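Next up: the structures, one after another.
Each of the next two complexes has chain A plus one more chain, namely chain B in the first and chain C in the second.
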Partner chain A sequence: MPAWFTPERMTWLFRVNPALKFAVFLLLLFITLFNRNLPLAAWLAVLSAILLYGFSGYSAKKLALLSIPIALSFASSFITMALFGKGDTVLWQWGIFKISEESIRHGLLLGTKSLSFGFTGFAFLLTVEPVLFFYAMMQQFRLPSKYAYSFIASIRLLPVIAEEIQVRSNALKVRGITFSRGVRGVGERIRSYTVPLFAQSIRRAQRIAIAMEAKQYQMGAARTYFYSTSYSRHDAIFLAVMAVSVAAVFWLSFGVPY
Partner chain B sequence: MKPLDTAAGSCTDEALSLRKLRLKFPGEDSLLFKDLSFSVKKGEKVLLLGPSGCGKSTLLQVASGIVPRSFELPMKSEAIDLPSSWGFVFQDPDTQFCMPYVDEELAFVLENLAVPQEEMPERIEAVLRRVGLQLTDVHTPILELSQGMKQRLALASVLLMEPDVLFLDEPSALLDPEGTEQIWSSIRDAAADKTVVIVEHKIEQITGWIDRVVLFTDHGEILADGPPDTVFREHRPELIRYGIWYPGVWEDYVRSEGFLQLMRDRPGTGDSRIVELESFTGWRGKRAVIHAEKADVAEGSWIAVLGENGSGKSSLLLSMIQLLKTTGTLTVDGRTVIQKKRRRTLPDGLSLVFQNPELQFVANSLFEELTVSMHTLNPEEAEKRAYGLLKRFSLPEDGKRHPYQLSVGQKRRLSVATALTGNTQVLLLDEPTFGQDARNTFVMLETLETLRRNGLTIVMVTHDLEIADHFATHQWHIADGRLMSCEKTGGAAHARLVHS
Partner chain C sequence: MKKLTFTDLLITIMVGVVFGILMKFWDDLYTAIKPVLPVARQLLYGMWFMNGVFAFLLIRKPGVALIASIAGAGLSAFIGHGLGVLIYGAAQGLAAELLFAAFRYRKFSIPFAGLAGVASCAASFGLDLIYGYADLETWALIVKYGLRAVSAFIFTGVFAVLVIRALEATGVTNSIRPVAKEEYSLLDR
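What follows is the complex of A and B.
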């Protein structure tokens, strides 16, 4: 992992079994996804914000930086929904823009949902070591090893691909290739990058696969694990905390009258 | 892997044997191997030699069972007896690992063998010692290792399987001289008691160690099979023709008629300075990666930029062509290059060739590839020039083929040819002969020398001192991100220390 992704301090979230953490966070995301109640969506966003800002162990500066895309996605989903959403109680109208009470409600619902997705997603990604996560998935959730190792191998290749993009970009400059402005330019750019990068990646993937088999990797064969992951006291605490918080979120949303 | 059933009555002192192997690549008309029989005795160290494309690597893959087990090719044979326990080291140090860290990669092999977790750390330490890979921390990212260290790691991971037979497919082809020395010394130490089958062009380090050489023809037939001395003595013309880096290849080459003729009345450099650097620094972010206090390049010279890995050789080229941020003074042909932070076009007169040719191709045919960057010329002139370049660089002359369909050596030459736009005065090259066989290397160098005679100036990063001594007019030495010295080749009297 790049040095940037080292936390300031290891919080209790790091000590939770990564596979279990993934399952619980996934459940949170599903609740968020299917929920149509605004207060619940808002309180879920608050809960995931507490997880991210309170317990990810990253410095305020880095967290602020990571909040930018989340804020942008909140703003964009809220604004589009509010301006163009359907509704009868019109508050303001100008040309194709029509803001109604319902559209604002929908906008807020969508906005808070994207906040929850962002917060939860980062809270997970920032507190998990990818290799350990896949080891836990294999050991606790019986994920077939071929998927786990192909994910790990692809993570390893990300910096290589980043470097290749850099070289390609330099090479195109040296070759004097310029792109049109606007949408057409984007198309040209995508074409001139994808072909060579795909060619390199496919070749690399095939070679790595052969090398893995040459190292006697066999799909489905019994194997041992270098990192043994298991459940611990921290997982019990984590489950309890999450259960209580989710219950509290539901009580705040439905038990308290607004 | 499960041991294959061995044919009854097969010779027990053979580590592997194939009889009447026929094999073909899908889509190709002719067979790669036609009734090839090949066997290796236990404990033997065998080197397979031959021109590129003769099927040596494929034979290794058949002999290990990778073909057809992991990679299917149409093949049949009368009898095939493969080793039950084997290890394979591949050519490319960057495509052999699936885990991010050294210890995790080695553990991956141990996991495959179902070794209990408690035993893993000890065995990892032991195997790293065995290949001479000393790390302060075994949990080191593989990305931080040098290429030579990566190959040692590949060897280590293979040794964990305690193989009887070791297959090595050009393990040093992509390594610099230091890495090459490292990997072969590790192999010699760690595989002394094993059967070893090697495919390699760079054979200087192992000629004394191998027992047997098998020389293949272009058509995948065995031309010679015997002790190294005999084969090297009796088949020198083939070794030269196939581009093998046999010991003494440079001595033979510099005595060859072609080289002598090329170097006869070799014109020296011009009087004018085409590139001048003063207090010139290249930056990656806030870090100065290369600094040259004062240096200049005379028109028509061939500069070999020498130095260790990571010393800043490539950064010097990137800085000169303004792909890195630079400070100080840089003049090209009397024009001062304006150093902007973000630029869309690069300075006139300079052109750079990177190592990986495929990342530099932009068109769908050789011809287009060459005309793309000649937009300053009119179409007819560009066409004429393009055909001229195809001929000069020994590329398929109809120019219709897709660049990706060329051979490795042709791709390299094409990438150099594409850099020669109408107004290229100085050609910057990042190891243009790296990983190439001897024949392609000499063709490349001869082509560059011809271009130099026609007025081009060459600045070339290389690890190969032979190239620097026989072709370069000047040698620049770089260490720790500084240009330390610029001297004339062969003339210590002219040596001029630039570094203050």
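What follows is the complex of A and C.
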């Protein structure tokens, strides 16, 4: 992770077991995905906003920067749905654009859902160490080590791949390569970037796998771990807090008349 | 059935991760033209279905399409698209995987690769229906997802197969593909 992604302070969210945190947040996302109730969507967005802004431990400036794409996705899903969504109580119509009460309501639902998705996603990603996440997945959730180590190895190589894309892009520029217009051009562009990129990545992956097996890495063999992760009292607190908050969100959405 | 070796798995996940990065660059392009050219935007959408199909065409073993798709989506999630894409990635990969499984993992040509892309597209449409993205006026729905399906076919069928052929020409695929029956029979001659 680049240095930019270091929090100002370590909050309790950092100390929660990463795999457990992942499971709970994924559950939140599934509730958001299947939900069609506007108050519930809005309160879920509030809950995830509290998690992100209150407990991620990042400075307000960084959080504001990170919020820009989330705000954009709110705006774009709201506007598209408001203009093109289904609805009978028409408020305004001009050519193919038609705004109705239903479409506005639906747009708001979509918008708040994308807010929840964005906030929850960042609340997780900003408070998790990728390598420890995979170690916790192996130790607490029994993810087979072959998947976890493959991911860790691939993530380690990200900077190399990003650099290769840059080099390729410069090389094409220096050689004065131009692409055709339209679909053919898209195809040419994809081909000229992906072929060298994948050829290199495949060879590299193969070398790493052979090196690991040469050092006696075996799929499915019992093993010990360099970083040991476990459950702690922070996890109990986290589960309790999340259970109470989700219950509160449901009560606010369905128990309170509007 | 041919099982995945550790080398296969590492290559699969690496391919997924590289796609994750490519999708990041693609996303920048996509976002730039999103407001101005809604039609072109749907036509570029097929890139998001390429990952699983491409990995399967490369390695030609069961499970590859699903794993690569999840890996790519996982990387996208980690570099800032949020955990939501993980759900989409898993569904799309599963759809492509099921399509290849339906042909017993033996078809690698343009129509089948394209169909797998369209299956991924259908899976993402299913999730959009659940999420609520698809509650559009009927004409808008048909235009949006129709174009998207066409794009899925072009990207996963035509582009992925062509890139794979170019990779085959480099020789890099020889060492990773399972040995076919015909190649064994060559030994008997």
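Simple rule for what comes next: the second predicted complex is superposed on the first by the 247 of 258 C-alpha atoms of A that agree within 3 Å, B and C clash if a C-alpha of one lies under 4 Å from a C-alpha of the other, contacts with A are read in each partner's own complex, and residues count from 1 in each chain.
Methods note: contacts are C-beta pairs under 8 Å (C-beta built on N, C-alpha and C of every residue); 3 or more make two chains touch, one makes a residue touch a chain.
Since we're looking at a predicted model, the values are computed, not measured.
Contacts of A:228 after superposition: chain B is touched, whereas chain C is not reached. With both structures placed on the common chain, the touch criterion links A:90 to neither chain B nor chain C. Residue contacts after overlaying the shared chain place A:204 against chain B and chain C alike.
With both complexes superposed, C is the one of chain B and chain C in contact with more chain A residues. Contacts of A:106 after superposition on the shared chain: chain C is touched, whereas chain B is not. In the superposition on chain A, contact of A:248 is made with neither chain B nor chain C. When the two complexes are overlaid on their common chain A, residue A:172 makes contact with chain B while staying clear of chain C.
Contact with both chain B and chain C is seen for A:155 once the two complexes are overlaid on the shared chain. In the superposition on chain A, A:214 makes contact with chain B only, while chain C stays out of contact range. On chain A, the patch touched by chain B and the patch touched by chain C overlap at residues 153, 155, 199, 203-204, 208-210, 212-213, 217. Taken in their complex, chain A has these residues touching chain C: 25-26, 29-30, 33-34, 36, 69, 76-77, 81, 84-86, 96, 98, 106, 109-110, 113, 117-118, 120-122, 124-125, 130, 146-147, 150-151, 153-155, 157-158, 161-162, 165, 183, 186-187, 190-191, 193-195, 197-199, 201-206, 208-210, 212-213, 217, 219. Listed in rising order, the residues of chain A touching chain B in the complex are 131, 149, 152-153, 155-156, 159-160, 164, 167-168, 170-178, 192, 196, 199-200, 203-204, 207-218, 221-226, 228.
Across the complex, chain C meets chain A through its residues 5-7, 9-18, 21-22, 25, 34-35, 43-44, 58, 67, 71, 74-75, 77-78, 80-84, 86-87, 127, 130-133, 135-137, 140, 154, 158-159, 162-163, 166-167, 170, 172-173, 175-176. Partner chain A is touched in their complex by these residues of chain B: 1, 64, 66, 69-71, 87-88, 90, 92, 94-101, 103-104, 107-117, 120, 142-143, 157-158, 161, 318, 321, 323, 344-346, 351-352, 354, 356, 358-362, 372-373, 375, 404, 418-419, 421.
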